[in-house]
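So, here come the structures, one by one.
The same subunit A turns up in both complexes below, where it pairs with subunit B and then with subunit C.
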Partner chain A sequence: MSADYSHLCSAILEQCFGKVVQLVADCLFSATTRSLSQIASSTKLSRKEVALALAVLVKYRLVDFSASQQNPFLAEYALRREDVLCLLRYPRYVHLVQAKYGNVGASIAEELINSGSDTATGILVKCLTEGENKSESAESYRNSFLQMITDHYIIKKPELLSSDETDEVIPKFETNECDYYRHPNIDLQLLAKIRKGEATVSEAKDGHMVWTLNYDRFHQDFRDSIMIDAIERKLGENAAECFRFILKIMYNTTDPWQRKLSNQVTFVEIKQTIEKKSNNLDLMKYLDQYISLITDDSLGFLRRVGDMGGGLFVVDMEKSFESLAFACVESVITERFGSKAARIFRVIRCKKYIEQEDLQKEAMIPSKEAKSLAYNLFQEQFIHVKIIKKPGGGSNGPAKAFYLFQVREKDTVRMLLDVSYKSLYNTIERSNFEKNEHKGLIEKSQRLDSIVETMKERGESDEYIAEIVETFTPPECEILKKVKNRIKTLSKAELTLDDTIFLLQMYQHHCTTLPTGIRKFK
Partner chain B sequence: MAAEVSQLLLAVIQGIANGATNDDLTKALPDIEPATRVEALNILLQQGGIEILKKGEKLVYRARDPEKKSALPKDADNEEKVVYGIVEEGGNKGIWIRDIRMKSNLNMIQLNKILKNLETKKLIKAVKSVNASKKKVYMLYNLEPDLSITGGAWYQDQDFEVEFVDVLNQQCLRFLQMKRDGAEKKREGPLAFKQMSCCTVNEVHKFISDLGISKVNLAEADLETILKTVVYDGNAERVRLQDGSFVYRAVNSPLAPTGLVQMPCGICPVIKNCSNCGDVTAITCEYMRDWLD
Partner chain C sequence: MAGRGRGGKTGTLTAEQMAMLGCTKDLPVQTAPPPTFPPVLNRPTTLETTATQNYQLLWKEDFLNRMKDSPYYIVSANQDSQSQEHKDWREKAIERMKLKTQPEFDYKSMPRELNLSSRKRRTADVRPKLLAKKTNIEDRLKILEQKELKTGGAEEDEVKQESDSEQEEEQDDPEAAMDEEMDEENDYGNTYFDNGEAYNDDDDNLDDGPVY
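And then the complex of A and B:
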């Protein structure tokens, strides 16, 4: 966790939930756990405000709480720092669901996002009353909901344990892994009644089962698509399709977030699956060749580990994300320092340790240029220097030392990740600034739009409407257009930036032992 | 008298390949007075027929190669001979002026004069080393400087030829890509495609020679270094074959330009200093303003 990330979290939370929640979260960010009174005293907010903010955060699954070890009557709150960033990924989640389950699924996901977490009945009622596609029946909504649970995109939150002992004040939760994806009973008749106003949501029997989006499942899909896209760019469509099937087979036996290697997959399994599910003749004909192509490729996605079952393969997540993350680092270097610098970077990575003199010879760059590029890279912490001191020297002059360039991969990635966080923070800040700067104008145009809307409904004459519209002068119009464009560019940048962040986070998950945001639901 | 003795002595010295000591000479020619011997040796030294070496405490006389001797004109004086000899020893690696001074024990002014003299007579030449541009080394005029001095094909007058290397780099890449595109059209399965898109250094060498872009003759080893730069640019891959040799093939990058570089912060030179306060902030950022408008 860096300072950059803490700024980013703070900005995201302010954007989503407002100032009070931001203050509370900031206070939690800097500590492992805090109690309610500690938060209240350090934020100088009233206990009621803090409690409300915490309730919001708990509902959105951003804060965990548990009883203090010293005092079982005192609850301690902790922020799930990694999940804050997921708030920005909501458009991507909805988009993915839309592609898989159509509009019905998308509106379920949107409702789940809006409410943070809710019961199945509650979500469906909201979808049915507020959803845009009212033509869909309640049944299709229910089926999509259940299907999303089956596919693990929706997960059940731990159930509240009803304890009889009165001395336990802090609620406890039951976490039962096999319970996460058990279908709830959704009473369609009750749904209909609620819609007619004859019943309320609280009458539903599934009140104890609260559902929420399962981020990890979405991230798994994002990760797969990064890998498949990489194969497609490098080895073509057929190889990409082949790899997609390999991943699918891999998930049958492997925990998707296993860090280094997957469990083994046999050639026969791959062949059978592809014969059953694919109608790509080219792929079937040359299947063994495609697999050996992926295995031999320098990206190192797939590794052959034995001959059983026509060949035994593992998906090497560590190597994969090392290759991909450094492709990303190299592209940043190319854009920032030029292609010669990227060449130098690759030479250093390839040689592990290299001296200045050898570097320029290997990269075929004149010594002056090579020096300045290497020093620039060093200054920006893309590369590092290892100093090996020769013993001796003593009194006569300084001891001889060798300065070797090297890339400390984890440090480089973390540095770049921090830059990405900072950039993301900058886009949010800038976008807030633009909105504030032209607040009056934006509000005016919104007011005008609503006036015109009501006038149209009332059936006023077009001339009169045009007259009203003209109160918005052309220069104002122009500025507004400009500002809207800026905000649009910024929010687009936010989304593309997240690609980089996601990739680098995957590197951290698969290539290091650092704790990451990915964890089993607790 | 002394001249005759000197011929006798030369014959004896030439007979012993490692050089004759004083004892060898007295043994071979016992009936010659030491004074006459000294006189004869001096004549030989003046003519350049022999040289004196020191082996431990003893002096050793060795015959000189008559061919080498001929390079130096007859009128050269002693100092010139000494300096010429030192330069000669340096071979095609050359010798630094400081080392000449140390070995010859001549003072700087005199040495400079001699070196200039020898240079104008085209007996020796000064060559600038690529490793240190100010360091001049001297070697015999007819020698081809060593690769470590000239830097090989990539240097012209001690300057690294960036453009030449860049052009070769582009051409090599173009060749690899052409080869790949050719293989793509044939549609004979993925492995055949991969094999056909690989090129050996030899093929690339032939292509570059046929293009005629290089005035100098490039060796295959030279082209291999160029091909490596293509690999380091991330545009090609070096594949090891089963017999241990390497082939090269063009490849695409596995990632599209990453999101970070699509906005100014990704390529910002002062991102380190960027924060909420101070001179560099997101709100006053000029890069950001240019990008948004």
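And then the complex of A and C:
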């Protein structure tokens, strides 16, 4: 966890939950665990405010609590640092659900996001009463909800252990891995009654089952789509479809977050699945060729490991995310230092260790230019220098040493990840600054819009409306347009930056042994 | 510095070595601070907007607005009072409308200390008690003042009266007195206080000198 990530988390939380939550989260970020009074004393906020902020953070699953080891009646709080970034990915989650389950699914996901976690009945009642698709039947909502559980997009939270003491200081939860995706019993008749006001949500039988979004399942989909899109761009649509089926078969036997390699998949399995589920005749006809195309490609997504069953294959997650992450690093270098610098970077990566003189020969770049580009890359920490000292050298002059350029891949990726966190933070801050700077103008235009809308509803004459609209002067209009454009560009940059961050995080998960935010059954 | 070590090198660099390190005599004199941001060498690539991005942008804006209006967006009391000063009546009315929505927390699945409503009962008891006490003191002070004017040397009576009235109060509501003590939420014995003066009291006479 870097200082850049800490700033980013702070900015995200401020944007969503306000200043008090930001202060509490900052305090928690800098420590492993803290108690309520410790937070109150270090943030100088009142106990009441800290308690409210912690309740919000617990509700949105950003803070965990446990009993202190010294005192079982004292709760200690810990921030889920990795999950703070998920707040920025909410639009992507909702979009994915919308693409898969339509508007009904999207409104379920939206309600789950808004409430953090809730019972199935509670969520469905909110969707049916407050959602945008009120016309949809309760049955379709229920079916979508159950389907989302089956597909693991929704997960059950650990169940609250009811103890004899009615007023326990720190609640305890029971975790049962087999139970996470068990369907709840949703009573449609009760739903109808609740909507009519004849019953309350507390009467539902599924009160003990609380559901929430399973971020890891969404991340699994994002990861798959990165790989499939890469194959589509490089080898075409049919190869991409073939790889999609391979991933599907892979998940039957492999844990989706296995770090390095998948379990083995046979050619026969792939062929049978494609014959059953695909209508693509070309793919069926030339399947062996498509598979060998993917296997031989330099991306290294698929590896042949044996000849049993027509050929044994494994999906090489380590190699694939290494190629994808370094394609990203190279494109960053191209954008910042030009294509020649990217060539130098590739040469160094390819040769592993290389001296300055050999570098300019290999890259075929004039010595002075090669030197300056290499030094620029070194300065920005894309490449590193390994010094090998020759023993001896005597008392006269410094010992003879070789300075070899090298790429320490993990360090380079970590550096780029930190730079991305920093720029994402800068983007958010700049966007906030723009909004604050032109707050008056933005509010004026919003007020004017609402006035015009009500006037149109009332059926006022167009001339009168135009007169009202003219109160917003042309220079003001121009400034507002510029500001809105700038904010939109910054928001787009936020989305794009998050894509890069996600890719680099996947590299860290699959190519290193570092602890990542991905935990089984969070 | 003769006689120290082997002599010879004094640790300073020769002009040649300095030149190799890039230090020349005529260094440019810096008169202004460096620019805040480094100059942009290449123009960044423009971003394309896809339909997916548009959906996500709109959703995000909507989400942030919703969060800002929700009861989970917490602004500290100080900031709130500061910002209230700059608002006109219309804005204040809108804010009041927003405040009507109460946050919903499942306090059963949270540590008990986070549930503020469970403490309300106790605080509600204490407050009127404190107020009552305050007014009593003021009243009593007035009475005492009057008495002082009338009779100058009835100090003993006053002390007696005061302690009596305190006792009465405690008799009125012994539970409230307990509550106040319990409010501190620690196991510190308030009734017990040792200022350290009694320490070594017994040994005092021994300090005078050795006893033969």
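General remarks:
Note that in this section the second predicted complex is superposed on the first by the 513 of 522 C-alpha atoms of A that agree within 3 Å, B and C clash if a C-alpha of one lies under 4 Å from a C-alpha of the other, contacts with A are read in each partner's own complex, and residues count from 1 in each chain.
Operating definition for what follows: a residue touches a chain if its C-beta (ideal position, glycine included) is under 8 Å from a C-beta of that chain, and two chains touch if they have at least 3 such contacts.
Every value quoted in this text rests on a predicted model; they were computed, and no experiment measured them.
By the touch criterion stated above, A:K234 is placed in contact with subunit B alone, subunit C being left untouched. Look at A:I155: by the touch rule set out above, it reaches neither subunit B nor subunit C.
Of the two partner chains placed by the overlay, subunit B and subunit C both lie in contact with A:E335. By the touch criterion defined above, A:F65 reaches subunit C but does not reach subunit B.
Of the two partner chains placed by the overlay, neither subunit B nor subunit C lies in contact with A:A374. Between subunit B and subunit C, it is B that contacts the larger number of residues in subunit A. Shared-chain residue A:N426: touches subunit B; no touch with subunit C. Judged by the touch definition given at the top, the superposed model places A:C86 against neither subunit B nor subunit C.
Contacts of A:V94 after superposition: subunit C is touched, whereas subunit B is not reached.
Of the two partner chains placed by the overlay, only subunit C lies in contact with A:K48; subunit B stays clear of it.
Residues 335-336, 489, 493, 495-496 of subunit A contact both subunit B in one complex and subunit C in the other. Those residues of subunit C lying in contact with subunit A across their complex are 41-42, 44-45, 47, 49, 52-53, 55-57, 59-61, 63-64, 66-67, 70, 72-77, 79, 103-116. Residue ranges on subunit B touching subunit A, taken from their complex, read 154, 160, 162, 165, 169, 189-191, 194, 225-226, 228-229, 231-234, 237, 251-263, 265-267, 269, 271-272, 274, 276, 281-283, 285, 288, 291-293. Residues 7, 229-231, 233-236, 238-239, 285-286, 289-290, 292-293, 298-299, 323-324, 327-328, 330-332, 335-336, 339, 342-343, 346-347, 350, 362-367, 369, 380, 416, 419-420, 422-423, 425-427, 429-430, 433, 482, 485-486, 489-490, 493, 495-500, 503 of subunit A touch subunit B in their complex. Of all residues in subunit A, those touching subunit C in their complex are 15-21, 36, 45-46, 48-49, 51-56, 58-60, 65, 75, 90-92, 94-95, 98, 113-115, 160, 167-171, 173, 210, 335-336, 338, 488-489, 491-493, 495-496.
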